[in-house]
Amino acid sequence: MEKRRVGVIGATGIVGQQFIVALQGHPWFETSCLAASEKSAGKSYSEALRDEKTGALRWYCEEEPDEEVLEMKVENSSGVDASRLDVVFSAVEAEIAVNLEPKFAKQKPVVSTASTFRYEPDVPILIPGVNCDHAKIIENQRKRRGWRGFVTPIPNCTATGLVISLKPLQENFGLRQVIMTSMQSVSGAGRSPGVLSLDIVDNVIPYIPKEEEKVQSETLKILGKYQGGRIENADLKVSCTCTRVNVKDGHTEAVFASTEKNCSVEEAKDAFRNFKGDISNLDLPSAPEKMIVVREDPFRPQPRLDRDIYDGMATVVGRIRKDNVLENGIKYVLVSHNTKMGAARGAVLLAEYLAKAGYA
Amino acid sequence: MEKRRVGVIGATGIVGQQFIVALQGHPWFETSCLAASEKSAGKSYSEALRDEKTGALRWYCEEEPDEEVLEMKVENSSGVDASRLDVVFSAVEAEIAVNLEPKFAKQKPVVSTASTFRYEPDVPILIPGVNCDHAKIIENQRKRRGWRGFVTPIPNCTATGLVISLKPLQENFGLRQVIMTSMQSVSGAGRSPGVLSLDIVDNVIPYIPKEEEKVQSETLKILGKYQGGRIENADLKVSCTCTRVNVKDGHTEAVFASTEKNCSVEEAKDAFRNFKGDISNLDLPSAPEKMIVVREDPFRPQPRLDRDIYDGMATVVGRIRKDNVLENGIKYVLVSHNTKMGAARGAVLLAEYLAKAGYA
Amino acid sequence: MEKRRVGVIGATGIVGQQFIVALQGHPWFETSCLAASEKSAGKSYSEALRDEKTGALRWYCEEEPDEEVLEMKVENSSGVDASRLDVVFSAVEAEIAVNLEPKFAKQKPVVSTASTFRYEPDVPILIPGVNCDHAKIIENQRKRRGWRGFVTPIPNCTATGLVISLKPLQENFGLRQVIMTSMQSVSGAGRSPGVLSLDIVDNVIPYIPKEEEKVQSETLKILGKYQGGRIENADLKVSCTCTRVNVKDGHTEAVFASTEKNCSVEEAKDAFRNFKGDISNLDLPSAPEKMIVVREDPFRPQPRLDRDIYDGMATVVGRIRKDNVLENGIKYVLVSHNTKMGAARGAVLLAEYLAKAGYA
Amino acid sequence: MEKRRVGVIGATGIVGQQFIVALQGHPWFETSCLAASEKSAGKSYSEALRDEKTGALRWYCEEEPDEEVLEMKVENSSGVDASRLDVVFSAVEAEIAVNLEPKFAKQKPVVSTASTFRYEPDVPILIPGVNCDHAKIIENQRKRRGWRGFVTPIPNCTATGLVISLKPLQENFGLRQVIMTSMQSVSGAGRSPGVLSLDIVDNVIPYIPKEEEKVQSETLKILGKYQGGRIENADLKVSCTCTRVNVKDGHTEAVFASTEKNCSVEEAKDAFRNFKGDISNLDLPSAPEKMIVVREDPFRPQPRLDRDIYDGMATVVGRIRKDNVLENGIKYVLVSHNTKMGAARGAVLLAEYLAKAGYA
């Protein structure tokens, strides 16, 4: 099979860099276009990554970029001709995505980490393993907008792990209420301006603008039902408090949930452990061996020890206990890698699904 | 007025050191006895603080100890004669307190940071400002046990801030349910063995043994009612998840509460702001100017910026919002200084109350 | 005495904020002008501090700003009329200072934290206590440039502690060689762009652009001699490596020095302890009780424990040992508060000296 | 080839755990004995790792232990019969090693991370790649002590990276003087008592007991010459200051060196890059592809980004500049993984060399 040609828009940013890494050596995809703002256009990728003042290579992934990627020429995002690509990965900020993504979507599938289109009724927020059937709405999107391509955003990185852990509870016991407090890593904030060390050293920051609203509404949509040509929000209440802690990667979330049918701790563990997700038979290259890993050690999951399991694509759950406040209450802690499953690698996994399912 | 003579038992430990600092220059109390384990007995306090291997002074407070305290001779805890003291401060571990505290309580008031006696029916867990009337049960304790003195423990440091913030909600609107996730500082774990940097750097630890049970049951007891010679637990449900984060001092807690009567965000803020507590007219030297400080900046409270307000004796509350999951739900974030109001200084404040009220 | 009216240029930045705090309640100075870039001009100081996106107050000092300062109107730096001020404090970036400071200096004394004019032959780099006599060159500066006022920059914050500790060695034993490795705090990098938590968590950054060159050349100049109307660099070799570590405030420096006359460890300690500096009789309000504090505990100085001694105005020295590599080698570790003595408070101390000595 | 049977003494400690990981799947060695103190003896390895109080698995490596290792029975170190093993890895504290290692060495080769025997004249401190020829003194050791086996300790983890980086300078230009300041990670301190988060958060600790003496004397010995049946220290002066910073793994060292023959920055880089070491043709399984990696980016090496190169077995060098204080001065910064090349994996590499060379 010939590899699909993919482009990364916003390639110099921190999420863009994660796309580069997620695509290196990919069996199905070949990075054939890097694009960024006008400032970077015309430079080689390595030049574009250099800090002007200091000359340092501003590279934020643990994995090194390949030499040939460093030598690719960066294009101006607004000038990219999507017709020569098979898939466009968009890693730009929401304000940029609003104009740029529709331009590409006229011609080709756009898989995006931006929040811009997530809340449109004809746009699915897809997590492979959780709600692949929502992809059906892509046809409506195409028709309604007259696009040959489409836009499929991935969720906010904090919603990702939460929704994955809630899905088996919903399937097995029904879900009514979710209360969640997150302890999010600093890499989620990106690089510009990012979280200053000055702010977070010896500290917790109890607020992340717009984060709670995103998590709340995305959870309802992703756990909702596709029927009659539309996605109906799940009949569920979600409330959360999102905080930032001094951790580099990996979001930790303390979840309290109320299910319709009572479930014991063991039943909940079984539901987590047995959760296969709706991509288990598709052999997608980036899919984790298990969607959810259950820890028995009460001191786990910990972000530093658990974030990288299955290449950062698993949701790791532990401390599963009954909660006595909510009706049929169950509580647990999860760790999810915000810049892997929660960002570029998650988007690549989605593109793999879309390709396999014939959308892209 | 002559100063009361006080003793600090467990004086070389981290909580003991905090007692030393809390008592330096105290207008009512004079430290006239330092006691620790046999290993330290007979040494000067400064000698007892030295690491045997390295010779370093193992001193853990920001404030320096006075010269004269450093020169005091440390006694063996088990040999201390309480009759020459007016108040005994106990900073020992729970396993030690079980034998030691009753010995002192036979003669004198013991104010303790240990959990040992907290759950006995004739022992109040006192927070001045919140439940001073529970002190009435001291008489029962004395009679029942045949002691001239008594034991009054302060709560677990994570319960302290939670209960202080819940009290005005309970008083004004009635309280039904509380869900709380804590992000606790490393100083709460003490020094032996304490939290290793190895464990907490770039990490969150999602479990603190026994902490959740303590917070849950102590909250019910402190918010309960003294009547008919006993303390009745509050009719309330509490569930929490306690985690450790990379912060030196100050516990952060994300609280979701359900009240009986609905309250708006502004009403909740007013309740917090107007909370005077039951010690507001007593002129206790360690009492904060305000029990609760309300922050309007959505990025506050932060432990590093808010823990030291009013010498670490205030509970700082912010991010007050409605919660849509719980009935009449309200949610907020608080910061409380775990080694000040939550430990030695809180115990000194309690001793001040007991002195003023004629118990000690 | 009527208070001198002072202005703070660059008042919204992190160093500017430190000036606000350093000047609150000052017995000699009154903040009567706050200026910043055009973007902030016309707003109240509190409005100007707010993050546009999030509405948060971007305030970076532990001390809170006074209400009346928060309500002052911010002026456009380029439009400030210095004639109504007695002293101008400049906290702007070097690129801005190059045009702005001369404008003010035409009329009034400018005390600056910017590096722009430090290397001009007619500009002294002054540390009160170390080289007050260099202030004499101010007359040359005025004449040569035709200014009524003048510019006196303080040194780079890493040079400050180093030079203060070297001065008594130079005075007592003569100095030949200095090798220094710094472990600098993140607050030294300011706020824009500052050090990202992403970069420094679980990390050391071994390079700070231009820092080593600054420290090396400023040390030579400050320890040099004023004679014949010019400042002659000290006859000394200095080499350093400057790194950034995960500490909020306080630079730690490991120094290896070679003196002309051999000195024992005890003689070096005595030299540090007895160092009074050339401002000891001037009763300057911001002067520390001691310029240098010597620690005997081998585990000190530590930035978190030692940076705030004497309000962050002392240099704390410890681990004084002989070095066997350099001739007459002596080695030690120092801690100096980079945003207090090393920045705004140091500049205020300098203004106090200039006022007392009749320059301002 | 049949695998050699190896035993790990002190297997439950942090270095012991690193041995377990370093030996998992090793092509030449098979872990056939785990030993620890009496307290652990008789338990399975996983039981022995559990915290008594909390039940948590105290496992400190990122890599998980194999199931079969977790089920191995732990023996009492003092009762181990070395005759059934081919190599003994000793990970015990120096005070324990003094009695234990000779017992094993009577029969078999002991490769140790303890410092106990490092300074004995008939004991080599070996770094494969640097001073394999020092292994010749093993014969003297055997004869003199009447042992069939022998003891070969690896160096202190801070000396390891320093010596590896100095070796090519010594070979190419001759070495005279070395001044070094280390910024060491917290994992170097082990687990008992280890570095408390309480101590290191927002801090630098400027002292590590005995560390500087070890680094200084070991550097001289390892860079020395084997001749006439003894190891002569290198004719070199070394002085250092060792500090602890808030980094989990990886020691950073700022080095200033004086060479006999002047070398330019490019010549020094070439010397580092071309350094093959004396094991380059031996195909040892744990040997890094390159002993030294040179970074051109001035912001590198950084411990978090560079410690894991070649599985933590390389020394990463950057910021190579001329130094103007020392004669023919050259300065640079290095990062070396203290718990990989600097501890267990380095010891395994040494055992590989000893096996290949016929000693073990």
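Think of it as A, B, C and D in the order they're written, each chain with its own count starting at 1.
Keep in mind that, in the parts below, a contact is a pair of C-beta atoms (placed from the backbone, for glycine too) under 8 Å apart; a residue touches a chain by one contact, two chains touch by 3 or more.
The model shown is predicted, which means the values in this text are computed figures rather than measured ones.
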Which chains make contact with chain C and with chain D at once? A, B
Count the C-beta pairs in contact for B-D and for B-C, then report the pair with the higher count. B-D
Same or different contact residues where chain B meets its copy chain A, judged by the half mark: same
Would you mind checking which chain's C-alpha centre is most distant from the centre of chain D? B
Measuring centre to centre with CA averages, how many angstrom lie between chain B and chain C? 41
Could you state the distance in Å from the CA-based centre of chain B to that of chain D? 45
Which chain A residues sit where two or more other chains touch them? 54, 56, 201-202, 207, 209, 246-248, 298-299, 304-305
How about chain B: which of its residues touch chain D in the complex? 14, 53-54, 56, 60, 186-187, 189, 191, 193-202, 207, 209, 246-248
Residue numbers of chain D touching chain A in their complex, please. 54-57, 62, 201-202, 248, 297-299, 304-305
Can you list the residues on chain D that touch chain C in the complex? 177-179, 181, 183, 201-207, 209, 237-239, 241, 243, 245-248, 252, 254, 256, 298-305, 318-319, 323-326, 329, 331, 333
